[in-house]
Structure formats: structure tokens, C-alpha cells
Amino acid sequence: MLPIVKYLWLIPALPLLAAGLAALLKKERRASAATLAIGSMSISFLLALAAFLPTLSHGEHGVFRECFNFTWFEFADNTFQSASTVQLGWVLDPLTAMMLVMVTFVGLLIFIYSVGYMAHDENFTRFFCFLALFAAAMLGIVIANSLLLLFISWELVGLASYLLIGFWYHKPSAAAAAKKAFITTRVGDMGFLLGMLWLYSKTGTLLFYDGGNGCLEQSALIKLVAETTMCGMAISTAISILIFCGAAGKSGQVPLHVWLPDAMEGPTPVSALIHAATMVAAGVFLMARIYPLLSASADPATISTGLKVVAWVGSITAVFAACIAVAQNDIKRILAYSTVSQLGYMMLGLGVGGVAVGMFHLITHAFFKALLFLGSGSVIHGCHEEQDIRKMGGLRILMPITFATYAIGMLALCGFPLLFSGFWSKDEILASAHHWQISQIPFYLGVIGAFLTAFYMTRQMFYVFFGSPTVSPAAVADTKAKHSHNPHSSHSHEPATSIHESPPVMTMPLVILAVFAVLLGLIGTPAWPWFHGYLAGHSPKVDLGKLAEDAGLMLVSAVVVFTAMGLSWLVYSKVTLQKSREVDPLEKAQPFFWRLLANKFYIDELYEVTIIRLNKAFSVLSDWLDRTFWTGVVTMISHLTVGLSWLSRKIDEDLVNGGFDHGCDGLRESSRNLSKAQNGQTQFYFRVLGIAFVALVLALIWRAK
Amino acid sequence: MAERLLLANIVMLNSIAFYILAVITLAGAVAALTLRNLVHCALCVAASFAGIALIYLQLDAEFVGFAQILVYIGAVAILVLFTVLLTRGTEVQAGVAFLSRSWPAGLAVTALVFAAIAAPILLTPELHKLAADSASAPVRKIGEELMGNYVLPLEVIGLLLTSALLGAVVIAMQDKKD
Amino acid sequence: MTPLTHYLIFSALLFCIGFAGAMMRRNAILVLIGIELMLNAANLNFIAFWRYGNTEAISGVMFTIFSIAIAAAEAAVGLALVIAIYRHRRTMQMDKFDTLKG
Amino acid sequence: MNLLTILTLIPLIGGAAVLSLKADQKDLARRLGLAISLIALGMAAFLWFQFNPSPGTNGFAFEERADWLPSLGIEYRLGVDGLGLLMVCLSALLVPFSMLASWKIDQNPKLYFGLLLFLEAGLFGTFTALNFFHWFIFWELSLIPAFFLIKIWGGPNRTQAAYQFFVYTLVGSVAMLLSFLAINVATGINSPAHIFDFRALAELAGNHKLEPIIAKLGIFKNPSTTMTVLFAGVFLGFAVKVPLIPFHTWLPSAYSEAPTGTSMMLTGAMSKMGVYGFLRILLPIFPEQTRAMLTPLLWMAVATIVFSAAAAFAQKDLKRMVAYSSINHLGYCMLGIFATVQLTGSQMNGPLEKEAALNGVILQMFNHGLTAAALFYFVGLIEQRSGGLRGLNDFGGLRKPAPVFCGLMGITLFASLGLPGLNGFIGEFLIFKGAFSLAPGPAAVSTIGLLVTAIFLLTLLQKVFSGPLRSEWSGWRDLTAGERLTVVPMIALMFVLGLYPQLALGVINPTVVEMVKQMSF
């Protein structure tokens, strides 16, 4: 075993340690906290590179894969051998290595960026503590060789996300968004948990790879496929769909996507790191990790139901979120919906084209979306916490580096042909969808999504960077008002004139990310699919002919992108030049649809009136049951007891004692009457005596006769 | 003849004395129980007692007559008088009825009792036939009887009088607290 | 010679006068006096029957002597009670004395 | 003298010593009480390290046996296995914690601390006794101090709450006592020896000999009916104590009216007496009756989990909310216990899953004791600082003036909702692992409880600590050094057990293996 495999745990452990130490630091020790976090992250990055290198060479039987397992605790009779213990472990394979590099690299850049972005925040120390905690948990997900360890890290990621979204806890909206995020993802996690338990009870292990005994290895899969459960689903399918619930929660798939746009309440680096590049991709990573289980089916020729579900949910999400993004005005919310939409693409790619297709988009997206978010952060930073794109404008002159890098990110996201990474990864997904046997609808949905993406990104560009370089007076007033309310906002310059480029600590990461947003496409072109080879464990060959094969499709997607961008230019170039930005041209044309989209298809409202109301009602019912019903039953029983004892008393007193008492009463009554004669009046007694005497005499006389 | 006449006169005089004494006694008794002033009552009752003593003498019971005088007039009447004085019975309270509320009933009962006593007396003819011999109860004989047949009652009476004396003193004695 | 019945009637009258006084007067002293008179009436009967009966048997006289002694004791105790009651109740009214009421 | 007897005597004698102090020696009473509870804790820790049951004792150690009234089957018999030991340690751990939480009580502290020590003696006695007779004495002994602790130092409705608590538990106890007396009488018919010994009874029940013996009573024509009635009596006794819905209505008012330290003992240790009873007494002696009632019992546990979680969400009073969450957590224990009764027959993994579930149950008992007590401690601190307010909507933004307070309470809340890495997770995971295989339906429905728990605990965190700081709380004090010292060991233990559960499972597992073996089905 390679030493790096044995010490793979160091990669998440270092940031965890940093987080622990930072948690103990005093608020004032800002520099130490940043140093700790960035230092640990750089070491992790180097270690990740060290782990990456060996995976480039693949062994004789496919991919490079080594794992290290250990027993965590024992919970049963040891006659069951390994089944009686819970084992954890980590694995090093191309999937892990690639994610490790991506997470540590993007993470490192974002950490550095945060030093600038959060420079004036009073809880700076805490911020780096949370960031490092997040990085540790995310890396834990990546290296996990056990579904349980993955789940543990998964929950910790959720915690870190909760803490970071609610970082500005004094804002009620942030606190609410944090709670919403945690709970929405937990809904999915319950499915994940059940799936995991099911898998555990069926296979007796949660290790992915364990020398042939792991749950993703052949023997276990055969067993899982053989058994069927309701609706004739193979157990493997049922389990993977349950686990997909978790992935859908984390990765914001419809219908659990509602938390992600709200999560933009957190600081922008958080949005970039967690809600664009890494955490939300964890769901996709999870599905890639359990791909053997997901795709397992009794007949190798057929596509498993699990894959179908993933593909359909992904494609629907892609279009659904893109639609909403068109009608948003908050720069971060647009990006958030775009993230949801791109995550849908990844799921779609995973479902229709396999691990490599989905993961490639994940990697490219991580870079360009992080770039976009950081760019938007730079914009927000420059515009004094203004997030409404209608109130911006002309920033291309004021913030040239931001503009340039943002434009690269935007083109990558739109899938601008040939030059940008996003084009290649998205094109591949569309190609796979096109070749999918089951249905062509996901392909068309994907194309529509691509069109919408190009459209709304162009719209955003126009609003933010073109047009007049001044912020409207209303915005200035608004910003001022915000400043007075918000002690955390860091700037106290004169707003209108002081829109400025961000400091180098912020722009440098932008530039680096922009470079990667362009170049990364080269590792996964149809002509040289190195990435796919890397993941699948074979060496790719350069084959320009492949390029030609897919040329038709590329052309289609290029046409779609150009059309969308052109249309958007037609609609918005004029608007941005004029000052009347309050009403969107599309809103004028289709007010109904616009409102529908602006309100996100009323999904939140739908949940509000259904699930949340239901939950409230249920809890009120439970409370009522408790206070009234159960207590009522108890009270009734106690009343019954009291009643019974009353009855028994009555019987005792009236029936049994009654007869006796009645006699006594008679006696008492007569004696009372008699005692009335005893009135204490001596002279009365005399009279009685006299009368008695007379009576006696009469009696004697009568006797004498 | 003259001696018999004298005797007859004496007998007649004796009878006349009884009637006079009876009237006096009854009048004293009635006065004692009807007068409002308690001192007058006490004096009247003393007169009544004296009348009875004289009737005893008239009936040739000299010892009893003198005992009556000593005890009733000398002791009881004086005692009553003292009591009246001690209890401020001299103050006649005007406006307060001197008879109890139920006096009519008392009167009726008295009438009945009188009837019950008088009727047997009047309806018994044997009583009229009894005639009185000249007789006397000599003091000597009484003394012998007291020391002979009646010695035990005498002792008991002595004891009774002693205890009554003590009892009266104890009862009438003022409580120390008061 | 005065017939015995006259004595008896006289004695009955005296008895009834005493009885009426004891029953009808409110003053406790007078009640006692009434009772004394009743006793005297009874004593007179004893003497009268003795005089008109066998004068040799002097039990009538003896009874009278004992009766007088008892009457003296009775008067002493009775009047002492009257004084004690008066001291407690500040009254001599017979109808106020009803502590023996049942 | 045996170690366990000494262990029980320490708080008993110590309690008497504290009571014998003068009324004005308040500080001395507090210190003496704490010192005695620390001695007891040290003793429990000593037992923990000495615990090494020799083979052939069914996993029991420190056994002690003395005849008492042999003709009635009454003997003095003590002993602990992993379950008993863990509960003893939990009680010993919570008493000093609870005393520190009650340090500020100024009304007759010597009585308060003395009663707490008596309560501890009752708990020790209950968790170490192996004969019904003195077990029952200790069982009731623990009730009396608790009653007075609520009655004297409780909130405004304390009298009603105390009586409700007392009468409820007493009714359950009486039902249980009657059942046991019936068993005792039955074992004495045509036989020289009455039996009160738990393990002897369990052995009889395990060999299906108990029912013929009970038949001699002749109460009902059908001996199994008699058994069911006796089962119901014992069940009632424990179900009230745990409590299971619908026997729980005493709990919210008792927990919320009791002073903080007492709430901690009630939820941390006394509720465990019920679960302990299920494991030690009901399950081994009435296995078949439990199995006959399995479906309703399982759904009763599910109802306990789901309804209590939902009811907690509806509460506006922090203490009541925590009280309901306590019911919720014990519901998982009950789910695990009932699931193990399931007849698995020849199915290979049956015993494995049962062992998983029971391990989880016992671990959960310990974890819940720790977490719930700490939660009550924090709520008590909030109440103390706010001058009696503890409504969910009375606060807001407290994180700003009290970051450490928020952080530590947050950790406790997350431990309570089962966040991995903290202690709550392992227990729940094992319970669900076992229960999901043995009873998939109820286990799946119970996950709703997990979700709702998260909702209300996060709502608590949000409403109290987040949002703008209300002006009246701007002077809110963060945890003082003493308070930190009180609670940090608890939180450290949460982390230790969350990361290294083998520490506890190493002791629990042999006991559980023994239990499952004895179930023999």
C-alpha cells in the first residue's frame, strides 16, 4: 500500500484541526485564524497533489484503487465476524483524487479571496473556523470508503453550511435561510439514511471497497440485484433511489432545490465555495461514488431504473431552474438558480452518460461557477453590498479585471463554443443525452436549458457591466440606509464615486480561476478524452476524428448559444443604455409568465401552504391531543374514580348506615322532645309535681273504691 | 257542775283559740307570700310560724311547740331575714312583676291539689268519729324514745345537721377570686 | 272539742298556700318560704293525728321533731344556695334559673 | 462489604449527613453534598475500570448475595452488568452536574442537596438490585425525593405537577407490585421456595416454565390470559416512567415545573429507570406476552416518537419543548427494544440486528441522559438570566452578547438531533440499523421524528440566538468560568462518545450478547 493512502486521512484532518484551533482563538486573533486555515488548506492541497500522482498510472485490472479500512466500533457478537463491527475507511482512486485536488485548490483560492472579502467583518476568526470545518467535512466525503463515513461527513458538511449561511445571524433572513437549508437537506438525508440502513442490513457492510466484500463490489451487487421489492424494483435500485433523495437534497434537485437560492444570504465566498463549487456537487459525487449500485441491473443490457430517475430529475431541474433564473434580479440569486440548473445537467450527464460525463461537468463547473460567484462578490463588494443588477451598470470600466474574468466565467457557463471548458462538458452531456436509448426528451430539455442559460447570463452581463457607469441615486440612498443599519458592512466611502476595483487578494484568485475555466476544457474534448480515460482506467488516444463525429451536435449547441445571446443582446442592450431599468422588457411582453418565473413557480408558496402548513397543523394536533385528549382521558379516569368512590360512599352511608342512622335519629328526636320538658324552670316542675300528686290521689281513690 | 262547766268552758275556749290561731297563721302565710317587700314577708312568715307553734301547744304537744318556736322563729325566720338583707331583697323593684309568668297555671294546679287533699278528708266519715282524750307527750318520754328506739335517726340527724351546716358555709362562702 | 277534720282542712289550706307561693312567686327566697310552710302543714298533720289517735304511741311527735330538724338543715342549705346563686347571677328571679334545662 | 453496597450507602449516609447540618450552614451543605456526589462518582469510575465479569456469571460482576427472608424468596442480591454499570455511571455523573446547576438555590439548600443524594441512592439501588424486593424499595425511594424536589422548589404550578408526577408513577408502581406479588405467590404454590429473583424468573420464562406456574393461581381459566394481565401491570409501571405515549401527560408539566437541577435528574437518570426496567425485567420475564402485543407496542413507540416531536414543535416554552424532545428520544429506545422482540426464527442476521438495536438502545440511554441534562441546564441558565422568562419568542440575537453560550448550547442541540461526530448519532444509528431490519415499517415512519426533531431544535436555536438583539437583553452575560467548567466536561464526553463509541460499547456489547442469547428466539 502506498504511504499516501495510509495518510490520506491527513487531508481532511488538517483543516479539521485548524477549525478546532480557530474555534478556541479569541476574536482579535484574525491573522492567526486566516493563517491556520490557509496554511492547513495549502498543505492539504499539496497532499492532494501527492495523492493525485499515483492515480495517473493505472494497474493491470482497470483503475488505480487502494483503500484503508479499520474498525470503528463493535456492536454485536463477534461470531458474526466483520458484520458485527462498524468499519470505516478511505479510498484513493481517480474519482477521489480528482475531487481532492479540485476541492483543495478551489477551496484554497476561496480562502485567500475571503481574507479580502471578509477583511472588515468582526467575526473574521469564526468565519475561517467554519470554512475550515467545511473543507474538512467536504474532504471527508471525498475520501470516504464507507457509506457511513460519507454520511457522517455529509451531515457535517450540512452543519458547516448551516453555520455559514447563518453567519450573519443578526439578519433574520439569514437565520431562516440557514434553518431552511439544514432542514430541506435533512429531508433528503432521511432517505439517504434509510437507503444506507437498507443496504447495511442486506450486505452487512457499508464499505465501498473491501477486497471483494465491499457493498459496491461484484458479490454484493449480484445479491442486491437478485432480490426485488415493491413494484418489481431490484433492491439495489430501491436503495440507490433512496440515497438519491439525499443527493437531491444536497445538490438542490427539484423538488428539494428551494433552500439553495435562499442560501445566498451567506457571505459570497461561502456561496462560491459551498453553494457552487463543492458542497452542492457532493450529491453528484455521491451518485458517482455509488454508480455501480445505481447502474446495477439484472440484465446488463438494460438501463437501471435508478439511472432513469437520476436522468429525468436532472433534466427537469436543468430547465426548471434556468427558467426561474431568467426572471431574477439579484445577482447572486441568478447564479444560484444557474447552479441548480447546472447541477441538473450533472445529474443528467451522470444518468445518461456515466460517471465521467457528469463528473467532468462537475469539475469545470466548480471552477467557472466559483469564478462567477467570486466575481459577483467582487461586484457586490465594489458596489457596497448592492445585489440588485438593475441598480448596477457600466462596471466594465470601473472594474476591469472583474469584468474580464467574469466574462470568461459567463462564456464558460453559457457554453461558448470551443474556447471554454463549459462548452466541452455541456456538449458531452447533450451528446450522451442524444444517444440515450430511453427517450429524447431529456436531450431537448437540455438544449432548452442551454438556450436559457446563455440568455440569462447575457442579460446579467448587460445589466451589470454595460450601460451607464453610475449607480442610480435611489441605489445610493438605499446603500446609505443599509450602511447605517448594518454595522458589518465594511465600507464607509462615498458610494457613487467610489465604485472601485477589488484588492489584489481578491482579484488574483479570479484570474487563476479564469485561466482554469478556459483551459480545463482541453482535458475532456471528444478528440482527447483524457478525463474519461483517467476515471475509467485506460489511456486515451488523440483522435480528431471523434471531433468530426460530434460536429453536428456541436453545431446545434453553438447555434443555440449564439441565438440566445443575440436575442438577449437585442432585448437588453437598449434597456441598459436607457435609465428605465425598473421594468424588464420581457415583463412588459409577458407579465403573467414573468411573474410566475420571478416568483420561482411559487414553489416556496406551495410548500408554505402544503408541507409547512401540514407540519404546523400536525404539531398543533399533537399538542392538542396532548393537552386535551390524553389529559382528558386521564382526567376522565380520575373523575371516574372519584365518581366511583362517591357512589361507594353513598351506598355505605345511605344504604348500610342509613337504617341504623334512621333509628338513631328517631331516638334522638324523641329524646330531644322529651328534654324540652326539662326546661330548668323549677316552678314548672312544681306544677308537674302538683298534677302528679292529684293524679296519684285520684288513682288511690279509684283503687279504694 | 261548776267544775264541768269550767271544763266545758275550757274546751270551748280551746276550740275558739284554735280558730283564732288558724286564722292568724293562714293570714300570716298569705301575707308572707303576697307582700312585695321581702322584709315584710319574712316578718309575716315568722308570725305564721308562731301561730303554728301555738297550735302545737293547743294540741298538748309542748315539746314540739317549743322546738317550733326555737327552730322556726329563732333560726329559720332570722335566716330568711338575713338572706333578704344580704341579697338586697329590701329594694322593691317597681314595675317588675312579683308573680311568675305562669301564675294562672300555678293557681289552677293549687286548686286541684287542694281539692285532692280536701276531698278525701271531707269524704272520710271515720275522721269525724275520732275524739281527743286528754293526753300529753311528756318530755321525759320523748327523751327516752330518742335515746332508745330513735337513737339511730337521731345520730343521722346530727350528722345531717353538721354536714348541712358545713355545706351551707361552703356554698355561701365568697369565692376568693371574687 | 274541735273535730280533727278542721285541723286537717286547716293544714291543707296552709299546704296549698305554701304550694301556691312556691309555684307563683318569682323570688327564690319566697319559694323557700313556701316550702317551709308546706313542711309546717305536714308537721301539723302529724301532731293532729297523734293527738286524735293513740296518744301513747308518740311516733307522730318524733316524726315532727325530726322533720323540724331536717327543715332547719334544708333552710340553711337552701338559703346558702340562694346567696351563692345571687352572687353569681345577680338576680333572684326563679325563671332566670334554667341551667338545668335539657 | 461489597462494593455495590458501599456505592449505594455513600449517598444515603452522605444525604443524612447533609441533612443533619444546621439550616444556616448553606455553603457547607452545598460543598458537602458536592463532595459526596464526587466521591460516589469516583466510586462509580472505580467500578467502571474494575469491571471485568468472570465467565459463567451471565456478564454480571460485583455480585453480592445474602439471605433475607428465604421463605418468601427475598434475598439481598446485587450485581451489575454492562447495562447496570453504565446507568450507575450516568447517575453518578449527573448528580454533581445537577448540584452545580442548583448551586444558586437559596431556599433550604441542605434539604435540597440531601434529597438529591437520596435520589442518587435510589438510582444506584435500582440499577444494582437483582431481587424484586429491594429493587422495588429503591424504585419507590427515588420517587419520594423527586416529589419533594418538585413540590418545594418548583415553578408556579409545582404542587399540581408534583402530585401528577407522584400519582401517575405510583399508579404504575402499584400495578407492577401487584403483578410481582402474584408471581411470587404463584411460585410458592406447591413449592418450597417463592421466587422474587429477576434472573431466576427470567430463566423460568426462557424455558417456558413460568406460564404453568402462573396457571396455579387460577385467576383466569386460561393461564395465558393471566400472564397477559400480569404483563400489563408490569408494562404500565415502566411505560409511565419512560414514558410512552399515552402515559406521558405527567411529564411536560413535571419537567417544566421542576427546578433545573431536578429536571436534569428526572430526564437524565429517572426516565432511564423505565427503559432499564423494560430491558432487565419486562423483556426477559414476559418475552411471549411482549411478542404477542408486538405490533401495537411498536406503533406505540412510533407514536411516541412522532407525536412528541410534533408536540415539541408546537411548544412556546423552552422547558416544555426540551421535555417533549426527551420523550421523543426515549421513543427511539422503545422502538429498538420492541423491535428486538420480533421473532426472527432462522433468519441468519436476526441476532445480529437485535444486538445492534440493543447496543444502540443502551448507548442512547446514556447519551440522552447526558444531552438532555445539558439541555435542561442551558435552558435553566436562560431562565435564570432572564429572570424567569423562557418563552421561545422572548429572546433573539443572544449569540452576539453570549457567543460561548450559543456555541456550547448549539453543540448540545446538535448532539440532541443526532449530528454525526457527537454522541447522539451512534445510538440512533444502531437503533435504526437494528430496527430497520427487524421492523422496517415502524422504523421508516420514525424517521419523520428525526426530521421534526431537527426542525424544532433549529427553530429554538434560530429564535433564541439569531436575529437582531433585543434591547432588553443587551446586558446578557456569557457563560461564567464556573458555568463553563460545569458544562465543558459534559460536552467533552459528548465528543468522546461520538468519536470513540467503543468506549461505552465495549462494556455494553457483552451484556447485549448475553441478553440476546437468553431471548433464544
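Letters A, B, C and D mark the chains in the order given here, with residues in each chain numbered from 1 onward.
What we mean here is this: contacts are C-beta pairs under 8 Å (C-beta built on N, C-alpha and C of every residue); 3 or more make two chains touch, one makes a residue touch a chain.
Keep in mind it's a predicted model, so treat the numbers as computed, not measured.
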| item | value |
| --- | --- |
| Chain ID, smallest distance between chain and overall C-alpha centroids | D |
| Rounded Å distance between subunit B and subunit C, as computed from the means of their C-alpha atoms | 7 |
| Subunit A and subunit D, separation of their C-alpha mean positions in angstrom | 34 |
| Whole-Å gap between the CA centroids of subunit B and subunit D | 101 |
| Between subunit D and subunit C, distance of the C-alpha-averaged centres to the nearest whole Å | 94 |
| Residues within subunit C bordering two or more other chains | 19, 23-24, 94-95 |
| Where subunit B touches two or more other chains, by residue | 100, 102, 106, 109-110, 113, 117 |
| Contacts with two or more other chains, residues of subunit D listed in rising order | none |
| Graph class of chain-chain contacts, one of line, ring, star, complete, other | other |
| Listing of all chain pairs that touch each other, if any do | A-B, A-C, A-D, B-C |
| Of all residues in subunit C, those that touch subunit A in their complex | 19, 22-24, 31, 94-95, 97-102 |
| Residue numbers on subunit A that touch subunit C, as the complex places them | 674-683, 686-687, 690 |
| Subunit A residues touching subunit D - in the complex, by the definition given at the top | 23, 72-77, 80, 83-84, 126, 148, 151-153, 155-156, 159, 162, 166, 169-172, 174-176, 178-179, 182-183, 186-187, 190, 193-194, 197-198, 200-201, 204, 615-616, 618-623, 625-626, 630-631, 633-634 |
| Footprint of subunit C on subunit B - complex, ascending | 11, 14-15, 18-19, 22, 25-26, 29-30, 32-33, 38, 41-42, 45, 48-49, 52, 55-56, 59-61, 63-64, 67-68, 71-72, 75-76, 79-80, 82-84, 86-87, 89, 97-103, 106-107, 109-110, 113-114, 117-118, 121-122, 127-128, 130-133, 135-137, 141-142, 145-146, 150, 153, 157, 160-161, 164-165, 167-169, 171-172, 174, 178 |
| Subunit B-touching residues of subunit C, taken from the complex the two chains share | 1-10, 12-21, 23-27, 29-30, 32-34, 36-37, 40, 43-44, 47-48, 50-53, 55-56, 58, 61-62, 64-66, 68-77, 79-84, 86-87, 92, 94-95 |
